[in-house]
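Below: a set of structures, written as structure tokens.
Each of the next two complexes has chain A plus one more chain, namely chain B in the first and chain C in the second.
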Partner chain A sequence: MSEQSNKQPNRILVIGGGFSGLTTAVDAAETGAEVIVIEKNPYLGGRVAQLNKYFPKLCPPICGLELNFKRLKNSPLISVYTMAEVENVSGGPGDYTVAVKLAPRFVNDNCVACNACSEACPAERPNEYNLGMDTTKAAYLPFNQAFPQKYVIDSAHCKADCGKACQNACKYEAIDLNMKQESVTFKVSSIVVATGWNPYDAKKIDTLSYGSVKNVITNMMMERLASPSGPTGGKIVRPSDGKPVENIVFVQCAGSRDENHLPFCSYICCLASLKQTTYIREQNPESKAHIFYIDIRTPGRYEKFYWKVKDDPNVSFTKGKVAKIVQAEGSDDVIVEAEDMQTGKKVKVRADMVVLATGMQPAGAAQKINGVNYTEEGFALSNQGVIAAGCGRNPMDVARSGQDATSAVLKAIKTGLGR
Partner chain B sequence: MSLRELAVWSQEPKSDEAQLAAEDYIKMGVIKAQKGDIPEPYVMETDKTILVIGGGIAGMTAALQSAQSGYQVVLVEKEDRLGGFVNKLYKKVPAAAGEYKKPLIVDTDIDKTIKEVEGNPNIKVFKSAKVEKTEGQPGQFDVTIASNGNSEVVKIGSIILAAGWRPYDANKLEHLGYGKSKDVVTNIEFEDLARNGIIKRPSDGKDATRVAFIQCAGQRDPNHLSYCSAMCCTTSLKQAQYVRQNPDATAMILYKDIRTPGNLEYYYKAAQNDPGVMLTKGDVTAVTQSGNGSLFVEMENSLLGEKVKVEADLVVLATGVVPATVDDPILNLKYRQGPGLPDLELFDGFADSNFICFQYETRRTGVYAAGCIRQPMSMSDAQEDATGAALKAIQAAEHVAKGVAVHPRAWDVTWPDPFMQRCTSCKRCTEECPFGAIDEDEKGTPFYKPGRCRRCATCMGACPERIVSFKDYHVDMIGSMMKNVSVPDDEDKPRIIVLACENDAYPAIDTAALKHAKIDPAVRIIQLRCLGSTNLVWIADAFSRGIDGMLLLGCKFGENYQCHFAKGSELADYRLGKVQETLDRLQLEAERVGLIQVAIDEYNNIPAIIQKFVERVKEIGPNPFKGF
Partner chain C sequence: MEQIIKPDLNFVNDIIASGGESLKKCYQCSTCTVVCNVTPDEKPFPRKEMLYAQWGMKDKLIGNPDVWLCHQCSDCTAYCPRGAKPGEVLGAIRKMTISEYSPTPFAKMAGDPKYLLVLFAIPVLLFLSYIVPKGYLDFSQIPRGEDGGIVYAKFMPVFPQIDVTFGLAALFALACFVVGIKKYWSAMSAQLDGSGAGAQLKGNLIGSVTATIIEILTHKRFQKCNVTKDRSTAHLLVFYAFAGLAITTTWAIIYLYGNEFLGITAFSLFHFGESPYPLYDPMKILGNASALTLLIGITLVTLNRMKNAEKAGKGSYYDWLFISVIFVIVATGILSEVLRLADIAVLAYPVYFIHLVFIFFLFAYAPFSKMAHMVYRAAAMVFARHSDREV
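Entry: the complex of A and B
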């Protein structure tokens, strides 16, 4: 910042190390502010780290993440705390005190990511990075290109009788099973809440039969299935029998735009499903995809991506809300029933697999931070010194999250200037 | 040098090959360290004043945000009044989530914002003005502003382009009745009609009690605008409220899809709850006279039936957004590569970023776009966007003052330093620089502007005289590293150099190694800042030393390019097209050199990609220069 404002360092605490939080951190540090990033996962990148490709360019999310990690590593002004959660925010603009709880990783900075601990570990845990579709060892690296590139020990899934197999296997004294939970406090001038979102729990939508009908999956599961680092190495096969998917149905607004679930629109799901049709069409030239929708929402220049998908004769669309999803008798196939709003007729489509375009629920719906204000739905609200950014404040895509985060940086810096 | 990844994890443990690889990489590492110098930033005297072009809501927000952060601002507005399109609005949509309750239309309060801008001592406003020319570089721009017959040159640090948009020309929408009936108006014209209270129809002054809104009047239509204008659905929902100020009037919104993403859905819901607002999907085919003074809107495939006619007193065309940059460079840069931002046709004329992850990136350093010139967006989104652009402009002004690069190498203090005595004025660097950082005089002598430079080193790759160097990265450094790679005498053991982009291809190799995938021992991998920095002399030198093949791994190019420096990998490919000549001279096969586009997530394929190339070179046979 300009000379006269350079007397006191601007200190910004960023809650959330996903796409918005990372963008906030690097943009703030590159403008001269000190930044503390608090991330609850053992890695940075949040939801986008789980995505296979971005729409509309169909480029890998890790490309931009990698560059942001590089900027972060090159900046002496950023400190990152993973496995950390904010317990309380107090104080006011220019002078906040933030209490943070740090969960033990049981792995220190000596870790060289050699995988020896994982090889030695006898215990397994469900892999939440792959949405539970496979497992990892209890000593694990969250994913291939994870940052920080450090293993984690999941103590909840450790076997008590393994005789510290991981610790014994480690040549670098990187494992410390005596690590304890810690509490730390930070004094900062402003806070950016970039806590992101969770996929809406599809089990709550009875009619769509997620969890009861085999081969009904969610859009986030589809991202993992299509990803080279996913449970199938990128092969899109259906969960029940591993059959390559020939016929797929996408159900839009699975929970979104629904008074009983999420009354708002989740912004990304139309584009996500359009994108996911390209995954399957690219993998299997004979495959067919069908999309049930209320409105196709591809705002701005995203329209052309919609056209591109619509031009594919193997992708078809029906305007209509899905009424019911059932298992086909004597088969692992799925039957989707809906009313075509344009003809008024009932339609039934049989598919190998159904993808529910589940919406985004702001993180504040599940967990609120003491000292931060929220809307009824859990969207974080901004005030002078606490600035909400990204999907935690309004559903938006990656591009807008980045833009929103950059905008939040200036507001946070201005708070620190006391203007 | 990542010895662990390149020589240990990716090679057979304890093999001779692993040993030789380790020795080579150590040698290369030592040379890199020897040949590199400690960089000194290029510090010049700079000005940090921020120029905002456009005095609409985006421009005014950018100006205020920058001024409130302690920066001097110069604001240039082409009209004689600030406010832009908002001046034309009767009311606006309430801005924030949770506010989408009655009333659904609120005052724009634009006068308040204008007063705030005009009263801010840090903001100097030029009205009825335009940017005549922009010379220099970030930190040292000399911007000539023409206003009311006078021209003034101001010193500028960085620029926010917020010159806005204009509505799509409704005269091109004759099939929708525009120009044929006075009672067909655009959504902008409708704002004026609404300002006078009860809405009258222009033809005869009768109360318009049935108002039809035609969505996508030109948008989402390959014959007009291929994109969606993002804001028109919400605008029509708002304007339906204007209609409903007369309780006897009804509004009909005829749409393809209603697009109210995110929390705007609440606004849609609130409008839907009004029994006087009717919405229906359909394709509008024509607007015709009904014969009794009113109009028919004819539709197909509608929710009301296959072919229907809707009668209306007034038809509003929800016309779309055309960015100012579509036919005007606006910046009027005095750059060798032209006056505007390049390649905007990729974005339908919008001054948008190609990068999903980096929304403010343009290919002219220190220039950031905001508002509807960047993407079609709502007023409140434009304000957020402008705040972000202000941050980027501030960042650029500060970085250039310290001699530090901006995105993507926002930490880099090196800069290109050409040894001008040996320059032949061939113009390759000035033509190829993806960021237009190099100007030239009539004789073709290049003038490097470090403030515009992003440090990709494309100029270093372009230069046939090898005169462009960075302190820690130059032709001799990479060339010397290559020259010290071992070349086995054994004819069955080829040696192949892989030049890998450090941003994507190399991390993919790194990840493959982390997964302990084996990489063919024939290759030696060298990281480049960007494939654009590949100098053809490396290829000639390598082959004359007996290297059997060279593989370049870089980012995807084309319409959806992934290169962080926009053009690097594409330029490397273009240069390789010319390498044939060199190879012919050496009587070598062109297939010994290849460029493959890889993305960072292709780590599972990369060992096989390399393997395949090695096989190809093995098939051609050893380089006849081996041993000479």
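Entry: the complex of A and C
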């Protein structure tokens, strides 16, 4: 070790506390680096925390997340800031200054997650964790296994005239409604940008009628619908009338590979839809799933997963992109239209519910961090000591996000060592 | 069924050169066929045409009624995820179909800007040869009418100069069309037989023709366009303006030959003297009304194209040449009349000369220019109905 690095320990700031950011943090800390994690949400885990199962093993993602949470809790070198956003990055390798804005949580470390505040709270808010399919109280825990296990008060939906019901209900003096927004500045040697992705706004794809035709949902909504912690307790029923879904259609490339929307392949959507056919098939042995696709893309060893799903006689496939979705007359059923390219006929398929395999749009498309470079599509670019990782850099699955994060750690450490 | 595909790579390059530059971007997702409101559900277009075009399957395209069932609504182009512009590609294929079935070298020249001057030189020299020997380049030498006004018939006599020239040009065009349509019809029939789909010509031809004529008169299919909704109205105006002008021309021929030459007074029911006819002559009223309709129609066509260019594509040289020619014809036609009435000889004669040159261009080259679309599209629409292609 050089003399310099002995004097100044490696300090890494990680933007984003999703799977990539978490992996970066724990890997870096376990090499002895000091890590600061900046997360916009009131909880860590990002998109993975919303998933019902991983492909191809079909195991619950929360257990992998909890392993990382445990590593994180055990490390004295990691500081986590939730409800925090980076406002500006300046400086150069080895000496960056990062300005961070901390939004008030209105709940302090005294919180034991007893739920008393939530019970007392009279106001409701749309639950973005469940993609708006249900609501929570304005005093809420983002989800059962949320880390940190601390309630939040959503000031945008908090009714000031409730007489501080939550504060009165809390026995631990954990609620402080006078908390203010704060600004903090960090001096670090390198930065890992792991800002992740957002589901592409399906409303923008007018041919697919999301928002105007009932029972057309997105793949992320499907994850929540199928999840035991989701709005229906894991029962896959359609939103309009609660009817159990027996007949489902998946529409691939809903926005992806389309220069009018996302001009790239989102990598995960084919596998996600294949995985989601298993959700519905497990719930009902009579159920049928149908996938419309341009190409089924299951890179590398994932091909085997495709074969496995294809072996199910109740899962069928049509090569042809859906470009029209309408409501069946006098019914809540949905009719999708495509050309079956193998027969050269236009086909109309009627379904209880339609899942749009919406693609991943990098967070940088909606919100760019001052001082970080981006591609036209909003993917973060690495530049000197600012290292991009995960889905904010390129569409990828969870396993590759982990690898990408580990590789970012090495680059960050090298930057800190001045090499 | 085993099928040996013989790709014609030159054909692919020709499509690309004819305005189908984006052809190779297509990745066969079939968004286009689904958003298309004018395609039949069986073997829909334009996705299969994009594949044929990429693979250079020339026979499948030039013997294909579908490329003409396409009205270039450009819904496909607007929604294409790859910017492959199927609407523009099919436009290029239509141009090549016209070219393929035209029996003369004019076909190639009509689609290539470098021959534009040659195409114009023919009528210019022809009309100059009528007036130069008489010294009419000096406008004061041109005889005037009885009331001292400008009379174009004295500048360029109706018979034989105008009528023989245009009569022959029309006959030439007609002959080319007959040859072209016969070839196209047999190519389409051959594709049916070779398709193995069991499709056969059926029903009575008269019925198919009648249904097609009704469809053309109402522009019913054209109105299903989405992205370029306004185009059908503009085209309808141009279409009826041309119909009005065709009636006007026939009417004028009856006046001239029936009445003035043969002295059959029965034709002179509404006939008020000799050309130039007064503005209250019903034939004149129809002619002027049609001209104004054409001016409005072709202006709308141009504006719509410019408005839609971002979504629908900018159009090809072939398209714009046709639109420009019609525009010049109607503009110079109206100006000729106005300048004649205003007695501004120095402008009137040149404008009328240009008017004649452009009319010659439109008629003589009709089988090779985009004007031919009316004949080929009508034939394809009849064939589609007649071969039980659901429409």
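In this text, the second predicted complex is superposed on the first by the 412 of 419 C-alpha atoms of A that agree within 3 Å, B and C clash if a C-alpha of one lies under 4 Å from a C-alpha of the other, contacts with A are read in each partner's own complex, and residues count from 1 in each chain.
In this section, a contact is a pair of C-beta atoms (placed from the backbone, for glycine too) under 8 Å apart; a residue touches a chain by one contact, two chains touch by 3 or more.
Quick caveat: nothing in here was measured; it's all calculated off a predicted structure.
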Chain C versus chain B on the shared chain A, clash or fit after superposition: fit
Contacts of A:207 with chain B and chain C, given as first, second, both or neither: second
Apex chain A: angle to the C-alpha centres of chain B and chain C, given in degrees as a multiple of 10: 110
Broader residue contact with chain A after superposition on the shared chain, chain B or chain C: B
Chain B versus chain C as contact partner of A:135, first or second or both or neither: neither
Chain B versus chain C as contact partner of A:373, first or second or both or neither: neither
Which of chain B and chain C A:337 touches, first, second, both or neither: second
Which of chain B and chain C A:417 touches, first, second, both or neither: first
Which of chain B and chain C A:57 touches, first, second, both or neither: first
Contacts of A:258 with chain B and chain C, given as first, second, both or neither: second
Partner chain(s) touched by A:345 [first = chain B, second = chain C, both, neither]: second
Chain B versus chain C as contact partner of A:324, first or second or both or neither: second
After fitting on chain A: smallest Cα gap, chain B-chain C, Å: 5
Shared contact residues on chain A - chain B and chain C: 257, 341
Footprint of chain B on chain A - complex, ascending: 1-2, 4-5, 19, 23, 26-27, 30-32, 52, 54, 56-68, 71, 74-75, 112-113, 115, 144-145, 149, 227-229, 233-234, 257, 263-267, 295-304, 307, 319, 341-342, 375-376, 379, 393-396, 398-400, 402-407, 409-411, 413-414, 417, 419
Chain A residues within the chain C interface of the complex: 207, 253, 257-261, 294, 320-324, 337-339, 341, 344-346
Residues of chain B that touch chain A when the two form their complex: 4, 48, 65, 68-71, 97-98, 219-220, 226-230, 257-266, 269, 281, 301, 303, 347-348, 350, 352, 355-360, 375-377, 384-385, 387-388, 390-392, 394-395, 398-399, 408, 410-411, 503-504, 507, 511, 514-516, 556, 560, 562, 564, 599-604
Interface residues, chain C side, partner chain A - complex: 27-31, 33-35, 39, 41-44, 47-48, 79, 81-83
